[in-house]
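In structure tokens below, several structures.
Okay, so subunit A shows up in both of these, paired with subunit B first and subunit C after.
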Partner chain A sequence: MTAVDAVVRPQRSSRRRAGRIGIRDGRFALLYLSPALIVFGVFTIGPALFVLYISLFDWNLLNSSLSTFTGLHNYRALGSSADFWHSIVASVYFVGCVVAGSTVFGLGIALLLSSRGLVRRVVRLAVLTPYFTPLVATSIVWVWIFNPQYGLLDSLLRMLHLPMVGWLQSTTWAMPAVIFYTLWHDLGFTVIIFLAGLATVSTDLREAARVDGARYRHEIRDVVLPQLTQTIVFVIVITTIDSLQAFTQIYTMTQGGPLQATTTTGFLLYQESFVFFHTGFGAAIAVVLFAVIALFTLLQLRVSRSRSQ
Partner chain B sequence: MTPFAQNHHNSREGTMHWHRRSSIVVGALLAAAACSYAAYGATASSRATINISFMEAMASGTQKPSLDLLTKRFEAQHPNIKVTLIAEPNYGVLQQKEQAAIAAGKPPTIGQAYENWAAGYADAKAIIPLTGYVNSKKMGVTTADRKQIWKGVWQDLFLPDGKIWMWPFNKSDYVMYYNADKLAKAGLQVPKTWVQFATVAKALTKSGNWAWSTDTGTLAAPADGTIVMLAMIHAFGGTWIANGKPTLNTPAAIKALGYLADLKKSGALQIGTNYPGETALGAGRSAFDLSTIAGYPYELAADGGKFSMKVAALPTGRNGEGNAMAGTNIVIFSKASNAERAAAWQYMKFLSEPRQTAYWAEATGYLPVTKTALPIMKRYIATHPYQQIAAHSLDVARGNPPYAWWTVAEGQLATALQAVLDNGGDPAHALAAAQAKAMAAAGG
Partner chain C sequence: MPAGAGAALWRKRSRRFRSGLLALLIGILFAFPFYWVIVTSFSSTNRVYQFPPDFLPGTEAHNYSRAWAGATWVRFFLNTLFIAGATVALVLVTSLLAGFALGVTRFKGRELVLFAVLSILMIPKVVLLIPDYVVLSKLHWLDTYWAQIVPWGASVFGIFLLRQFFNALPQELVEAAELDGASQMQFLRTIAMPLARPALVTIGLYIFIASWNSFLWPFIMTSSPHVQPIEVGLSTFFGTNGTDWTGLSAAVVFTTLPVMIVFMFAQRRLVEGASATTGATKG
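On to the complex of A and B.
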């Protein structure tokens, strides 16, 4: 045995041993993870792949043997479908307003509530409460608030001698009404995120700015907001994903109407798949929606990673 | 044309493939038909117990105990047949469960189904035609008994191929609920025609009150307003379909929508959601609600005894009374064995017989499917005269056209109503747009 052998052999054997331990650990990890992987595979990955498969067929929901392979036909049909493009416009309207509203009002309310005090704690609780209420129940309550004959809003308009508005019946007002409800329900979540973000803002810097004579708005603009950038991006991404998936309030309040004014892409997916049973076409919508949401999820992951770094 | 329809029409290969397969299918169908007709002769009288299952949505109020009781009576008369009721909370869930069961290859023996559901099930070969059972000498329905079934109900049992695929069960139709005190106070008569209805409605529209509230529904979920419009189309001499295609923009339809637009413009008609007709009538703000007779208990609960609520038939038009049938039929799923099919047919027939359908009507508020039930219900009708009014309307009432695309067509009609009544659109233009989309869905 040479000197080199004497040095190298133990190194090789320890590497081999380490490799064996690594493989064994990997097997154990896989074993422990397998229940979760099986559940995830069967109930999430499997159905998702099946949706992709269905989207390539003129799918017969009741008798799959009568389904015919149509390749990318459903995707081409999506491209030429006026209803689909109308739903994209409605989605952009809904998502844009909800994201902008959640971010601006969420941040504003969080700034107002960030200092201590009993009243502010009570207000904080009040803002957060709607978020914990069931969407179906509260959206039905809002349907009655928006009712043109007996609703609270139109009663106020009548008291002020203003013309009545059919909030959920008008193509002009139905989407703003649904957006208003969504903001009312979801704002508490963004306020909490912003409050958490504000807790990490350096108080030394804020005090230094104040000592230097900065006004409140300058303190917010030049000291607080730059430190909140990642929180703001996080809120925008999360709210965008949530809004793209919004369904319950649209289903309960407007059923996508009037005249499809509130038919977002998510609602169109339901309508085509489960009302008209155009299953292949609906699956193609689901795949497109999935791709968009996956894009935002990746963005969110990157933001989360950069935050943790 | 929707992508769904295009798939069928653009695929030349698919058509050729279909022709090649059609001869095999025809042969197989002939063989199957021979076996099936042999089955009509077999009754479920063998000693072994035959288990059948019935997927239904009769789970609320008096419906469940009434169906339970009828089923027990049937089992007592047929000791070798055991019926398992699978109750679902509503029609939406029922449809999903039936579809899931069909897709999984494990449907129940029988199930409630609307006409357009049955059309889809038949296309997927998931149900069987009942013509053989109905015509069977041993276990069928006699010609005399057939003639006693309300005309509208009988017509509702067929699919476009001319075969009977459904058997009637829980039927209702539309009636006019009205506040009799309000009409008497204004010195107005109960309107019998749509012309009179408009006059009375406008006369009652003052001081924050109006005549009628309804919900048009949406593309995804048409509601009462759309169904009443369908009834008006028939009353005005129009059609819903012709030669297997939708006819949503006939002159009668344009006239009906124009009529509703005029009522809306005058303030006599208000549009809302969540059963606005019932709410407004109950609150004393309106004088009428046009809704199904099955909703009578809910109308009664809404008025709370504050006024005298009465019921009349829907107003008539140039073509007499038009009405829309609500409620479902029963279908037999094709996975059932011959013995199960025979047992199921006996159960379905039992439920439709005069004594049972009379009991069902008295207990639940649905209508008897045959005229011969009315004498049995004499005492009940004396205290519930509205049942007879609604039952007679079953002669003219029409069910959903039995085409799978009708869901889209009806939704498009709801969209036309929204365009005109909520957003001031032109009736002819709105109906033309609805017709174009409905035709596309129908593959035309």
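On to the complex of A and C.
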């Protein structure tokens, strides 16, 4: 205890006696927390439980008093729904490619851009920009680029005397086109995360490896990558969670088509609930998505915990 | 060995040059769609449909006036500004109060509340669409501004960032304020808030851009153009003018320009904020 404390103490206790509340006093903490907790409770935590309840009903979205309890019927319907299984396949395709692409290209671009210099600074800005610009607007630009008659990509194919593929109107090429767009839009975020991760990699070790005559790719493989494991896991999990929920670009570019080729499970959820008004069925899809995403989040927590210990 | 060193230097330089060239190509790939939409928006319809395509912008400004007249853009802009502004204000207030409670005050169950707040990140937004639609309809908030503001009025990212800020605040500062007889609200207003400005600005920017860019939520929860934000308006415009590529491109340009400008001015702060999210979820 210092002299200052000794002087301060009596004064403080006299304040307390006068009914003054110290700044660190926790008696009003819940009051301060309540605005945020009310918003979360009513619009996030409550609804997350409510969706479980809805999934047990033949729910009427327009008049919920007309809903009838059907138990696990929606889940059984889900299991035997060809649309649902088709959407799972589409989701695995979409999520798998987006996650792999984000991780590999994100890390590659971050490595390219991690050194100083004007060119790299400008390029970094170019890579980041799509991530902060709206999905609807930029999707429209890409719909135009992918236009099967006058679009830029088909013009290029024509100039090279290659067959035109029709992109968004082709059951084969629509999904790759949407994946390509998604990578273009979202890679900026992954690059930021990898750049932040690279900044923590020990430069001493990298230099030591270089002095020892290690080739660049060995330096990356043996020195940089092992130190980035946690960042890589984080990127994989966060892009999985995000791409499982992708909606806007699919809606704008393909509306889930052609022939459901781009109807992922997240898109099916929207269609079933808000286009066909199969709300209970949609809620069951939501619960399945929720479970999958929760699993991935827990996995990430697990990995980052075990790493930091 | 000077010769060996020279070769090594040369190899290093050439590698740096090659990677710089690759970086440049990647930059062009990422920036090109923005260039292309500007080119299209200034082209005449005939020019757009010609083969091979023309890569230089035309001088046709008419597309802009046609697209501008095609929808109630001013209303969409004002709606977006209002919704984004109100959401930012609400998030800043809720985050500041909650961040203060979790970062400064001492009470039983503090860690538990923090853990509960962080675990909200686990709840995916797409899962909330159906139940929140029901909640909002019970509140009679469907198709209103309320539905677009209040549900987004608290942010885990905001609370976490401010808790970190309060946690790092020197204890002497709190003690000095106590000595001066400041109440909790006085401390928050006159001492903490000015110091927290960088964090508040980052949070504000993120929430602003997110609500400017939001689509799915207002698309589901609203149906009247007089309360809808810009991206929903643009999507409707796309639905009705889907083949007018020059007009559409003009609409894309003028609806995206405001958020682009915000991004250009604030990019460094936004990058720092994104890097901070890594910490937020890494725990």
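The working rule: the second predicted complex is superposed on the first by the 272 of 309 C-alpha atoms of A that agree within 3 Å, B and C clash if a C-alpha of one lies under 4 Å from a C-alpha of the other, contacts with A are read in each partner's own complex, and residues count from 1 in each chain.
Note that in this section contacts are C-beta pairs under 8 Å (C-beta built on N, C-alpha and C of every residue); 3 or more make two chains touch, one makes a residue touch a chain.
Keep in mind that this is a model prediction, so the values were computed, not measured.
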{"item": "Subunit B versus subunit C as contact partner of A:170, first or second or both or neither", "value": "first"}
{"item": "Touched partner set for A:278, first subunit B, second subunit C, both or neither", "value": "first"}
{"item": "Partner chain in contact with A:50 - subunit B first, subunit C second, else both or neither", "value": "second"}
{"item": "Subunit B versus subunit C as contact partner of A:203, first or second or both or neither", "value": "neither"}
{"item": "Dominant contact partner of subunit A by residue count, subunit C or subunit B", "value": "C"}
{"item": "First, second, both or neither for A:260, with subunit B first and subunit C second", "value": "first"}
{"item": "Where subunit A meets both subunit C and subunit B, residue numbers", "value": "61, 64, 140, 144, 147, 150, 270, 274"}
{"item": "In the complex with subunit C, residue positions of subunit A that touch it", "value": "8, 11-12, 15, 20-30, 32-33, 35-37, 39-40, 42-48, 50-51, 54, 61, 64, 109, 112-113, 115, 117, 119-120, 122-123, 125-130, 132-138, 140-142, 144-145, 147, 150, 152, 155, 158-159, 184, 187-189, 192-193, 195-197, 216, 230-231, 234, 238, 241, 244-245, 247-248, 251-252, 266, 269-270, 273-274, 279, 282-283, 286-287, 289-290, 293-294, 297, 300-301, 304-305, 308"}
{"item": "In the complex with subunit A, residue positions of subunit C that touch it", "value": "15-16, 19-20, 22-24, 26-31, 33-34, 36-37, 40, 48-49, 51-53, 93-95, 97-98, 100-102, 104-108, 110, 113, 117, 120-135, 137, 150-151, 153-154, 159, 174-175, 177-179, 181-184, 187, 209, 212-213, 215-216, 220, 230-231, 234-235, 238, 245, 248-249, 252, 255-256, 259-260, 263, 267, 270-271, 274-275, 278, 281-283"}
{"item": "Subunit A partner contacts - residues on subunit B that touch it in the complex", "value": "2-4, 6-8, 11, 14, 96, 99, 102-103, 120-121, 123-126, 213, 217-221, 270-274, 276, 279-280, 283, 285, 404, 407-408, 411, 414-415, 418-419, 422-423, 441"}
{"item": "Partner subunit B, residues of subunit A touching it in the complex", "value": "58, 60-64, 66, 68, 70, 73-74, 77-78, 81, 140, 143-144, 147-150, 166, 168-171, 254-260, 263, 267, 270-271, 274-278, 280-281"}
